[in-house]
Each structure stands twice: as C-alpha cells, then as structure tokens.
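Below you'll find the structure, written out as structure tokens, and then a few comments.
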Amino acid sequence: MSYEVKSLNEECGIFGIWGHPDAARVTYFGLHSLQHRGQEGAGIVSNNDGKLNGYRGLGLLSEVFKENRTLTSLSGNSAIGHVRYATAGNGSVDNIQPFLFKFYDGACGLAHNGNLTNAKSLRKELEQDGAIFHSNSDTEILMHLIRRSKQSTFIEQLKESLQTIKGGFAYLLMTETAMIATLDPNAFRPLSIGQMKNGAYVIASETCALEVIGAAFVRDVGPGEVIIIDDTGYKIERYTQDTQYAICSMEYIYFARPDSNIAGVNVHTARKNMGKRLAKEAPIEADMVVGVPNSSLSAASGYAEASGIPYEMGLVKNQYIARTFIQPTQELREQGVRMKLSAVRGVVEGKRVIMVDDSIVRGTTSRRIVQLLKDAGAKEVHVRIASPPLRFPCFYGIDIQTRKELIAANHSVAEIEQLIKADSLCFLSEQGLIDAIGLNYEAPYSGLCMAYFNGDYPTPFYDYEEKYQATLKDKINFATIN
Amino acid sequence: MSYEVKSLNEECGIFGIWGHPDAARVTYFGLHSLQHRGQEGAGIVSNNDGKLNGYRGLGLLSEVFKENRTLTSLSGNSAIGHVRYATAGNGSVDNIQPFLFKFYDGACGLAHNGNLTNAKSLRKELEQDGAIFHSNSDTEILMHLIRRSKQSTFIEQLKESLQTIKGGFAYLLMTETAMIATLDPNAFRPLSIGQMKNGAYVIASETCALEVIGAAFVRDVGPGEVIIIDDTGYKIERYTQDTQYAICSMEYIYFARPDSNIAGVNVHTARKNMGKRLAKEAPIEADMVVGVPNSSLSAASGYAEASGIPYEMGLVKNQYIARTFIQPTQELREQGVRMKLSAVRGVVEGKRVIMVDDSIVRGTTSRRIVQLLKDAGAKEVHVRIASPPLRFPCFYGIDIQTRKELIAANHSVAEIEQLIKADSLCFLSEQGLIDAIGLNYEAPYSGLCMAYFNGDYPTPFYDYEEKYQATLKDKINFATIN
Amino acid sequence: MSYEVKSLNEECGIFGIWGHPDAARVTYFGLHSLQHRGQEGAGIVSNNDGKLNGYRGLGLLSEVFKENRTLTSLSGNSAIGHVRYATAGNGSVDNIQPFLFKFYDGACGLAHNGNLTNAKSLRKELEQDGAIFHSNSDTEILMHLIRRSKQSTFIEQLKESLQTIKGGFAYLLMTETAMIATLDPNAFRPLSIGQMKNGAYVIASETCALEVIGAAFVRDVGPGEVIIIDDTGYKIERYTQDTQYAICSMEYIYFARPDSNIAGVNVHTARKNMGKRLAKEAPIEADMVVGVPNSSLSAASGYAEASGIPYEMGLVKNQYIARTFIQPTQELREQGVRMKLSAVRGVVEGKRVIMVDDSIVRGTTSRRIVQLLKDAGAKEVHVRIASPPLRFPCFYGIDIQTRKELIAANHSVAEIEQLIKADSLCFLSEQGLIDAIGLNYEAPYSGLCMAYFNGDYPTPFYDYEEKYQATLKDKINFATIN
Amino acid sequence: MSYEVKSLNEECGIFGIWGHPDAARVTYFGLHSLQHRGQEGAGIVSNNDGKLNGYRGLGLLSEVFKENRTLTSLSGNSAIGHVRYATAGNGSVDNIQPFLFKFYDGACGLAHNGNLTNAKSLRKELEQDGAIFHSNSDTEILMHLIRRSKQSTFIEQLKESLQTIKGGFAYLLMTETAMIATLDPNAFRPLSIGQMKNGAYVIASETCALEVIGAAFVRDVGPGEVIIIDDTGYKIERYTQDTQYAICSMEYIYFARPDSNIAGVNVHTARKNMGKRLAKEAPIEADMVVGVPNSSLSAASGYAEASGIPYEMGLVKNQYIARTFIQPTQELREQGVRMKLSAVRGVVEGKRVIMVDDSIVRGTTSRRIVQLLKDAGAKEVHVRIASPPLRFPCFYGIDIQTRKELIAANHSVAEIEQLIKADSLCFLSEQGLIDAIGLNYEAPYSGLCMAYFNGDYPTPFYDYEEKYQATLKDKINFATIN
C-alpha cells in the first residue's frame, strides 16, 4: 500500500445500498470511507429498475470517478461498489470489481472481499467443463457455480455454490431484483448492515462507511448467513450451520479504520487497549511515547496513558504523499533525503523514546524509523509492538502467503531487536491481544483468527496445503535487511 | 486549503540550495515538505554554471513534476523553488513562482513568501514610468525596482529596492553567481539556513525541510538581513537596522508543520503547551479530550496531559481526500453524508467530550464538528480553542483581509458558543499564547505578531489604510452561519 | 466515424505477425495503417515463447499505446492486434480486442472483423449450458465453441466451431504455438498474407499494412480457409468446401485505403475507374470536377480524366479535426460556422461544379456540401455518386442494420436530387460498379456482395430474418432531412 | 510542423472579431481554420465591455480549449486569438499568445505573426532603460514601446512605436475600446478583413478563416496600414507612407491553405498554375503524375492537366498521424517500416512516375519519397518542384535562418538530383513562379518577396546583418544526407 509505510495488504472493501434515489453517489461516498482497504481500482454497478450498469477503473476512487457525469450515468435506486487493493504489476482493469455479468435471461453484479482456499481446483474443474474465465481473480468462480447449478431459484443456486467454496469471503451481489450479502463460515472478514434515514438498507465492509453516509448500524452479518435485501426489506437465510467466529485479528490491529466497530468493538478503543496492556506487559523508563503514524497512534496514546509517560508527536507523516511521487535516488537516500516520515528533532533530541508500532512485517520499516529517531537525536529508542510477532502466512485475505517475508518467522525477538537496532524490543502477548480486543466468544478461537501469530488455522488448507508445508521450511537470514 | 477543514491560507513556501550536484531534485524534496504552505502551484529554477532554467505549473508538486525527466532537465548545482497557496479562481500559471527573468546582461530567478503593504502604489508608480507587469502578484515589483536602481552592484541594487518595499516578505533570489535570501524588518515569515553533509547551503521556509533532506540547521534568517550564498560560502549583510521580531503567531498555532522549529521553538511543543495552558485557563469536567485532526492534535494531547482526562480519537480524517473529489449534493449532505471528517461513534457515544481546535475563523466548521460529535452520540461537547479569538485582518501574508469572515470580530464568545451549539466555549488568552510559545523577545511584541487577535500592527498600513478603516466598520450577523 | 463526414462504419481491422523480434511494435505500425477501419479502441496480444500478454484500451491507437514501455512490455516474437470501430455510447474497454483467454491448460488471443448472423441464438444456447460471456461482442462465441468441442486438437476444435458460425468474419487467433487466420465462406471481409524480409509471416485486413511495414504480399486468404502459421512456416487448411467470393463492395467504394489491393485490384484504381465509368454514364457540361475529400478524390479524378473537365480542389477538409473538438452551437451553425469541410470560393465562385462523392447514406451530408458550394458562389452543383443507391441493410459487418437511415431506400433519385438541392444527381449503375472493380468471378455475384444496393444477400439471414422483414416495411420521409 | 513531412515552419496565425455575442467561440473556429499555421500553442483574449480575459496553453487548439467552459468563461463581444508554430524545445507557455497586459490604467491584448529584424537591439535598449521582458518572443517589444511613448493617444503611441520596428509583422491588438490590426510596410504576411452577417468585423491571417465562420471578405490589410475597429465601424489609418508589396511567396507555395485568397489570388489556383507552368518548363515522358500529399496535390493536378499525363494517387498519407505517435526504431526503419507516407504499389508498380513536390528544403524527405516509390516498383521517378531552389535564409517570419539546412544553397540541381536519387529533377523558374501567381504589382518585386530564392531582400538586415554574412560562407556537403 503505497500510502502507508507498512507492506501488509488488505484485500478490498465492499459497499452496497438498496432503495435510494441517488444510490451510485451514496455508494461513492461509502466506498470513499473504505479507500484504505484498497487503492488499485474501484467500481460501481447500479440497478435501475432491473437494468444493471457498471463502471470501473484503475486507481483511487477519485481518479476512477473523476467526472460527476460518470456517477450520474449510473442511475437507479440500488448500487454495489468495490475498492481493490494494490498489487504489484497486474494492472489490468479486467480484475477490477464489481464484475457485471449479462445473460440472455438476466444480469448480475458481483463484488468480493477475501481469498478462497480451493479456487485453483474449482477453476480447473470448471474449465475442464468448458467454462471461460476473464480475470485472474477467484471471484468469478462463484458466478460459474451459480450458472451451472440445477437449483430452481437464484438464492438456492447461490447457497449451493457457497457450500462448494472454501476460505475467507464476503460477497455482495446485485441481481435485477435484489441485493445479496454473504459471509464465509468463519466470519473472517467484517461485514455490516445499516439503514439510512429514508429506509434504504446498506451493506458495508466497515461501520465507518455507515457513519459517513449518515446511516444507522443495524447488525453485523454473521458467519454462514445470506442477507437478501429487496423492496420488501431484508431477510436472513443461511447456507450452512457449520459456523464459528474467527474474525481476522489484523482488522483490529492494523487494517480497519479506527472509527469502525467490528463485532461491537470500536477499533480505536481496541488499539488503545492494546497499548495500555503493552505498557503493563513491557514497561520501560523513558521521556516520551511516540506512535508511528497513522495506524499506531491509538496504541501509543494507550501506552502513554497507562504508563504516565507523556505522549508526543515525535514522528510526522507527510500528508501529501501521492502515488505518482518521484522517489529519491539511492545517493540522495544515503544523504538522508526522506519523504514520507520525519522524526521531530525539536521533540526527540536528547530524549529516551518509546516508539509504539502496530506490527512488524519485514523489519525494514522499523529499522528505518529507529534510525530516523536516532538521527534526530533520540538518546534511546525502545520499540513496543502492539501485537504478537507475525510468524505464519495467511490464506484468508491478507497478502502474506509465505514466511519468507516475515522477520519473526525467522528470528527471535532478541535477534530482531538487534537487527532493527532498537535499545529494547517487546511484543504484545497473544492473551494480551485477546483481552485488549475483548470479544465474548469461546475458545478455541475466542472469536479471533490469530493464525499468523500462532499457526492455528480455523480451516483446512485445501489448495494451499503444499504451499504452506513449503513455507514452513523457509529459513531466511534477515541479518542484512535492507 | 482544500486538504484541510480550515479556511485560513498561508502564502507560500520557499526552498533553495547552492552547491549540490542534484540541486533540483533536492529542491523537489525540500518543497515537498513545505507542500502544506501552498497547493495551487509549484516551480523550480535551477542554475547550471550561470545558465538559469525554470519549470512551473499549476497543482501539487507531484502533479507539476510528474516526470523524472522534468527534474533531470533542470540540471545544475543550485536551485530555488516555490509552492504557492490555493486561491479561488485565479488559476493562471503566470502567477506561479519562481519567476525567471532573462535579460541581455544576465538572468534572475525570484521566489516570494509574504504580502507587501505598499505594492499598489509602487506598481502604479512603476507603470507610469513604463514598466510592464506580467502577473497579479506583488513579487515582480522587486525585480522592477532592482532593474531601475542606479546602484553599481546587484546586492546594492537589491538593498536599495528592499528599503522601498513594505510589509511581510521572505524573498529568495537566484542570480547567475549567487543565491540570496532576505527577510522583512519584522521577520513576519520564518526562514532558515541549513547545510547538507556535502557542504551545500540550504534556505527553507521551515526547518522541517532541512530534516527531510538530511541537512543540519545553521541559523534562522533575521529581520532585515540579506544572506548571500555563493561558491565561497555564505555572507550576512543588512539592508536596514530598523528591525524587530514580530513573528506571525499563526505559524505556531496553525500553519507550520509540527516538526519545524521557528526561532528555536518546536511547533508541536508550542502547540502542546497551548493545550496545557488552555487546560489551566479553561478546565471542564469531561470523559475525554478530542483534537480536530490534523492541526489540533498536539494541543489536544497537551490539554489531556495537563487535565488528566484521557486523550481519545473521537474524530477521524479521511486520508484520501483529493482535490478532484466529487462533493456530496445538498440533499445528501442533509442526509448526513460527509467526507472529510467522521466522528467516532464507538468512542464518543454517551460521553462528555472536550473538543480542542486551534482556531475559529468563520465558525461554520466548528459548528459542523460539534454537530458531528452530537450526531455520533456525544452527551456534551465543550469547545476549547488553543488561541485567542481572531478579530482583525492581516496584511502580512495570511489571507484574511476583511473582518467580514471573522465570527469573533462580530460576536462575543458567548454568542459564538450559541452559534456553534457548543455546551461551552473558551479561547486561550493572549498572554497564555505568548507564554506557551515562550520566545525570549521584549515587549511590545514579545517577538510575535498577534495583530489578528488584538489589532496591534507592528507597521503602518500603507496602501491598506483605507481597506482597514472600512473593515473596522463591518458588522456582520453570523446568526445564520451556514 | 468521427474523422469523416460519412456515417458509414466499418467493423474493425486486424493484424498479426509471427517470427519477428519486435513483434508488438511491428503490429503497432501495421495497425496504424488500419486505423481508418476503427477508432474506438485498440489492443495487442503478444506471444513470448508461449506466454501470452495483452494490452488494450479505448481511443485511437496512439492514445492507447502512448508510452513506448507499453509496447516494450509486450515482448515476444509474435503478436496479433485489433482496431475497433467507433460506436455511440458503448464505451467499455471490455469490448476492445484482441480478447485474451487464459486457461489452466493454455491461453489464446482472439481478434475479429465482421458480424455473425446467428450470434444471438448461439449465445443463448451456450448460456443455457452455463457459459458466461464478458462482452457484448459476438467474438467470444467462437472461444466458447472451441472450449466445448470434443475434437482432439485445437485446429479440429476450431474447424468444428467455424462450421457452426454464420455471417461475415475474419478471425485472427494467437495460441501458445501458432497464429491462425480464417475467413467466412463468402470472403466478405478482406484478409491478406505477407512476409517480411526476415521471413516473418504477417496477416492483415488490408495490404496497405504490408507496405507500411515493408512486407511483401504473399496471397489473399480465401473463403473457408484456415491459415496456420508457426515456426515451420504456413499451412492452408479448410473448414468447409461450400464457398464463393462475395467481397463487400463497400470496401472498394469507401472503406479500404486507396493504397490497398483487394483480390488483386488496387482500391484507388477501382475508384478512379468508377469515376471514369460514371463520367460516361452520367455526363454533364460543367467547368470543373470537385471530389469530396478524402474518400472521393480518386473517383473525382477519374471523372475529370474521362470527361476532359478540369479537376479542381473546390472543397478542403481541415486536417486538424480531432475527436475532442468543440462543436459550433446551433446559432453559429446557422450563421455559417463550419469546421470540417470548406468550399473554396476562389475556385468555385461563378462556376458550374460537378461534385463527386462515393456514396449517399442519409443525404444530410450531401445536402450540406451542395449548400457549402452554393454559398461559396457555385452557379450549378451537379452531384455524381460513384456507386449505386444504398437501399438495403447489411448484416455482415457494415453498421447499417435498418433502412430507416438510408435515403435511397425511401426516395427515388429524382426526390433525392430535390432533397439535397442539387442541380442534377446521378448514381453509378450496378453493372458500372462491377465493371469498374473488374474482378474475374462468376455470376451470380461476380465476386462482390452488393446486397445493400440490390437486396441480393449471399446467405440466409438467420437471427436477422425478423429484423430484415421489419425494416423492409420502414417508410421514412426525408423531406426534412436535417 | 509535426503533421507534415516538410521542415518549413510558418510563424503563427491570428484572428480577431469585434461585435459578436459569442466572440470567443467564433474566434475558436476561426483559429481552427488557421491551425496549419502553428501547432505549438494557442490562446484567446476576450473583451467583455472593457474587461479583458485570456486563456492560452501549449498544444493544438483542440487540446488547449478542451472544455466548452473555457470558451464560455471568455465572455464578451470581442476577442482576438493566436496559434503559434511548433519549435523544438522551447515548450514554455510564457511564449504563447495573445499576450494580455494589465495596467493600473487599462489593459491590452496582443498577438503577432512575423519576425522583427531589429528586435535584439530594441530589446537591449529597453532593458538598459529598466524594461523587463517575460518571454523570448519579439512580440512584447511593441508593448514596451507603446507604454514608453509620450504621444497622447493610444493610436498615436502605437504608430510611433511601429515606426521603430523593422521586419515582417502582422499585429492584432485588443484594447478596452477597440480592436486594431496593422501590417509591416512590405505586407510580408497576409492579413484580411471580413464581416459577418450580423455586422461584426473580423480580422484573419487567411481568408479561409472568413469562409469557415460564414463571413464575407471586405478587403486585405495593406502595407503600413492601421485598421481600427470599434463600435462605430472600421477606420483605416497609416503609420508610414514608405510601403510596397512584397508578399511572402512561400505563402502561395506552401504555407497557406488552398482555399485562401491572398491579394485576390486563390492559393489552390496559384499552385495549380505553378504545376501547369512547370509542365511546360520541364516536360518529361511518363505514365503518371503523383503529388506529395497534402501540399503538392494542386501543383500535381496542374502538371497533369497541362501535360495530359494521368494524375494518380501514388502516395497516400496516413490521416491519423498524431504528435504523440511512437516512432519506428532504427532497425524497423531499415526494414522498411514507415508511418506517415505510403507509396501505392498497385498504382506505381512498373510505371514511370512524375513526382511533384512544392519545394525542397534539406532534401532528406525528397530522397525518402523517391525511395518509397522505387521500393513500390516505380520504374522511373522524375522529381518536379513547383518552386525555385531555396538558397537563402529568411528573416521575416519563416523559420530558415541559416543556409546550412538548405541543400540548394550548397549544391547544384544536378548534384541534388543525384543526392535524392531521382531519375531527373527540375525546379520551376523564378519568372514561372511570378507568372503562375500573377499579381499585378510592379518590379522590382512584382508584389512578391522571393529572397530565399534569389537573395534579393526588400529591407536592410538590421540585427541579422552578421548572421546573414556568416551563413553566406556556410559550405555544407549533403553527400550523406540522412
């Protein structure tokens, strides 16, 4: 994600509305508040009395929908939209969602957040039977399954298809007569229902999108549920009873916006609690607490509050970082030219600094920030990470599919401390994280997927079994992280 | 400034470097850290062994210098650059700086931050004598004065010209053989000298630009000084002895980046001190302190620290706000659709909130944020402003030239409290502001210009006398602020 | 076609090359010479040792491939490309070709010029069997048929599929191991094989593309043929023996570039012959012959040569007409403001003018040009059309699918003469056209499809039967053509 | 001119209108018809009841005025506009006209076509007196002279200033109360007055602009005249009596649009006459006459008509050549890849071709076209040039200021014939050119400047004396023209 210093990527945000005269425009504003979940591309499909129209493109939402008239052309009382996360290289508009399928007997829009674990085998089976795919994404699979289902209604075809699909997913569909939302059996990805003052129902990846459009929160979508919204209101059905809550804990730690609530827990508050707990688990004498902007400010303020050490703005992020920005040359970088993040000399000079960050992936960013603070005169830099060490891959929607890029999969905390040149380094404990979030679900998962921390995956691996076994053997030496 | 909720505008940022093989590129990175001072346009003039080349354009720095080759074409060991602030309507590239003047006997680049108070009469005199101006800006005047001066050297011509000019200004000039920086006799605008590791001297509007390029702080430019930088090093001369320090206090309150130091005082620290002092001057019982992002976060954390009330993220700013963003229609706005700022329901619901902001201009933004917080369930909203009421116009470089747009010029604090629908409202005192910044200069100004607060202007009005007298009589009723 | 005054549209141009180190770039230049066949979009699929990559976009070739690096990224020794014609409204990149299909067991690029007559029923059948289409175009059908074929090799699957498809088509396919070109059983659309000096084989819609890349002409693709080009050279197979030549006569009259040869006949020469024949069939006393630029200049010079009347430039076309051009308002148009075409007063004033055009579609353009000439002082304007009256729709690839827009389907020549306000009007006879082109094929079609002139269609209508019967009953009064 | 194969450049086109409610839009369409005179940039200044507004930019008119709203914002009943010719490198918008000067006591727009011969000395004098120039162009000089004139009225100031200026120029000025056009004492550049049906007066570089907007021709502007157009009509004054006609003959030969009349002579007709005369002066037995598109088609048809040899389309120009076009690599060029111009094999193969071109500058283009024709199978290529050899520089507005780039300045006709590999080569005689144009002016110049052919300049060289003397000594061997 080019707008952040972190190299963790979320896979997409979705938003939909049924029953508003300006549906596409509301979708635009809803998506705008989900832009942090994906910057590679965006799209909207609208439903105008059964006629579906779509527009999608590469880039930020504001780049794709530059012209008011594009939104205006997406007329109709209902719409679904999607923002897609940035991957390297595959810059084709073919993969931008929502997909819009047109058939002789109907039409359907489809948007997806998540990652399927049996996509490869399903795709191969379908192709062997004559199916043609038009994108790299897993998303199309669902539509092929639906079109080949022998069930008599669309909803039954959908349910049958969902039973075939494995992994983490939140789907949003727009048919000619209804908007449908559904979630995987573990509720890996967040998905909520809201309602606008005019009665229109809204579906969104995060509750911040409800706030932004002035909608009231109705309820979260539960694992295995199928929400059907049409002119008669909303209905809740299920495609499976075999469900449990295993919400992606990285949503709380890093991905979600601090103003969102997930499963009733406010993200900022959860992060602040992580910081407070971290202060208790890993205290240190220092002059100030500094958060790495923007995602770690809540945790940092929690650490400060709990420790009684002043919370200071020791790091500043340039708010004008653009994707098209010219990068410093290697020579200039060596001379100290930097763009995104600055340490505040006037604040940290001569001081002992507790630097709070939400997580460590490769370690390079942490090392760079420690260096920034020391270059600006910090006497000591104690790094405190408001989550446990990331040690395992994820196959449910976060873009870490190998342990090679995880410093903690390959090194002990003591080694990492040395590698990033911190004066001390501590991570939050797993139990600390669970308590800080404070969900009321039972073991084994307490409502949270923490597989990247402890390797305890809530589902089989399916097509990823081999990849998982291979990455377990990866042994990388980060001694020379760059 | 379209990227902020505030309607206060700074007039520009300047940056220059002498003696670096990649001068234009360093200037680009320096300017990038000054982008908050101006988003309307940007430009760079480079000096390649006496040959001056320039490039400028409308938009953000990253839009103007989209292509690496544009920077590459600005070859040479020295360069000056400029970012210009956003005004409505006058979108002509003619006004974008640095200006580059080419004469039969030489060339000169010119960049300016500030506002002249006798520009109109000087311009008329010059035009009556045959001068032709090519921009609306005051900046050209200096060059006409220089070219008409009978002094024998460029420096003497410059000094003579500067004695003619009144108001607030920081000028940066690039001749074929030197880079020259100069400041008005009151040092209204900040300007600092730095030095890179390779020995290159740097001039910048704020010290954050020095940090960003890895340069060490050397000294601030003082009032009435002329700094001449060439291959022999830097020299300090003066064009007047009649100087005093009256630094624009709004630089500390709102404009400058928190990681900059002005006159040796860190801006974040000054703001935090304003918040601490405000907590003492205007305490209130409440559940949390919330800052208006981004400029008020330092003051809010100071208030929280001094009051012992938790500092919370009750407001979130969307970091993807772009200039080209489609705005909500009036209908959608009435339905609660908003884009830039969200209140965090999960944090503020049912709570008594102290909302800290840096200043109030028209009052509309404050009222809107109070409303946001109440809509999100805040039980009480107590507004605390970390500066005194803005009541007078500024003619030295801030874009408030009439009292009509200042709610505090027209209403008492009690009236404003009602107008913005706050449960209580308090401003920082003038002395509180002075103490919080803590400069060591003597009365009457203690080093600060606070004319917009108290009407005590450090210079005569010159061409603005009439405008000032007129606006004193302005009497606006903000009862229906919109 | 927005670049021409005519409202006739061709359906696309295709180009492919096998065996050149810079295949994508050669394809770019080949397509560039076919740009007149389609301006809505363009694309290229390259084959790099079996790995297929594609890029496509909306707009002119030069807009789609603005950056050299886009071409460079399409590495490989083989490539196929496509330019698509401009339709109103359907501005989706999804329809831009070549399509690139990726399967678990291979990949295939596909480009198409023409129109299928049984696309609708084939599509419905396929969808009922679970197929999902991703574009509006007929082109995808071929790929679905191939993937569902039970034949054992790709070539046999292709042949079986082609037997199912009806209408006019030239297909170009790129598999991992071969480039394949094929033509419908009537050879409605032109398609030629060439060879570059390095031995690379080339396929192109028109021979002008061969000239432009320095390739020698090898042979035309014949009806029902399948040309298979791979590293061993080229092979000719057939999917049907039931073939005849019925080349679209509008290719000679209007679509093709004058420097192309179709079936061995040079297009400029054919047009000049049409003009010569027209001079004999419809002589008139006059001072000069004027062609409507650009497509009628050859015919006009033929008319002049045969009649002995001087050929003059009485009409000038502005060569800077761009798609984005701002149009005159209705008021300005009424005041005589015009942009694309000017009559040359200095040439035509007081003169009797023979205005030669290639065809008349709606009649509005003819009327406008007659008016232009009269406004510029022409004493008489005698209109001579170098083809017979257009009276019937086409379903093989020209965008006239209803008689409503054809003035000659609704009015006699005498009526049209009055409607366009010409002093006289004559069309070329059908036999005159056949003789002017001079192909050596037998009756009934003499090698040419002239269905739009005489309603004699070389194939059944299939899905268009109903539409055809309906349009036969259309009766429009063009009395008030606008 | 990037849209043409020729490397000759015209210096600009101007257009103005007084008294039309949609003045800026009419100016846009007028300028559009003058686009061939300059493609680097364009601009319009409008006059709305004395308030002048301007807009200008780099690129084609359609690129600069992409948005209807830009034209709409240029409200007012009067406007002047300018298109600027393309030079390499100096891509600054600062040089794009019309210039718009704003003074405390008024405003003035200024557009210029031509080149001053004493610009350098005037500029130096003015700068020594304190003047500051903002562009590289000579155009500003006039405004500085006007502003420094002590005459009492604007018209008298203008006249006095014009007496100081030397060279070739057509100026168009817009003051708050009048539009003024003026021409140099030799009438080097064309300039005409027209009138729209609503009575609005129009000024344009060529009469084609009058046709395009539906205006009637009133009269040409004569040498030394000052045309003053305001709400009372138009007045003709003079700033000098020392005038003669020496119209740039290259306007007839190459620059002007064929539908324009200059001094009452139609350009197409003049060119056709050049071709006819050339046929008489330089006959040759051949199978066809081929013109180099687009500028030589008139001359070629004249040659054909006079010689009785058929006129054929042996060369085709791609009408989709865009500025942004990717160029063939050197390798591809060597393999025969070409983009702009194609020879028509089907026409020229085995034939003896007379290739008619309007002029030869460097010779490279001629050699390339001869080669194209031979590659396409032409048996013989006889080159006939419809103007005399270009041997001397021009300082009045054509961009040839050195003899180095002129093959005929350095080689005999026989040598050129060999260098371009023609089977024969002939140029039109000087007297042939004069007769073909057929103006009724007296010797020595017969109304025409032919200095580039014969070195007979109608004025002294002023600042160019040295440059002229130097280039006389230039001796270049074009033996290896590339």
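Chains here go by letter, A, B, C and D, matching the order in which they are written, and residues are numbered from 1 within each.
Going forward, a contact is a pair of C-beta atoms (placed from the backbone, for glycine too) under 8 Å apart; a residue touches a chain by one contact, two chains touch by 3 or more.
Which protein is which chain? UniProt says A, B, C, D = Amidophosphoribosyltransferase.
Here the structure is a predicted model, which means the values were calculated and not measured.
Annotation of chain B and chain D: not jointly contacted by any chain, touch as defined at the top.
One inter-chain figure worth recording: chain A and chain B are separated by 36 Å, centre to centre, where each centre is the mean of the chain's CA atoms.
Each chain gets one centre point, the mean of its Cα atoms, and the points for chain B and chain C are 61 Å apart. Note on chain placement: the centre of chain A and the centre of chain C lie 49 Å apart, centres being C-alpha means. Shown for chain C are the residues that touch two or more other chains, of which there are none. Because contacts link each chain to exactly two others and close back on themselves, their graph is best described as a ring. Contact annotation for chain pairs lists A-B, A-C, B-D, C-D, with touch applied as defined.
Residues of chain B that touch chain A in their complex: 3, 22, 25-26, 28-29, 32-33, 35-36, 39, 60-63, 65-66, 68, 71, 196-198, 207-208, 211-215, 257-261, 265-269, 272, 294, 297-298, 301, 305, 310-313, 316, 318-320, 322, 324-326, 328-329, 331-332, 335-339, 342-347, 375-376.
Chain B meets chain D in the complex at residues 93, 101-105, 123-124, 127-134, 136, 140, 143-144, 147-148.
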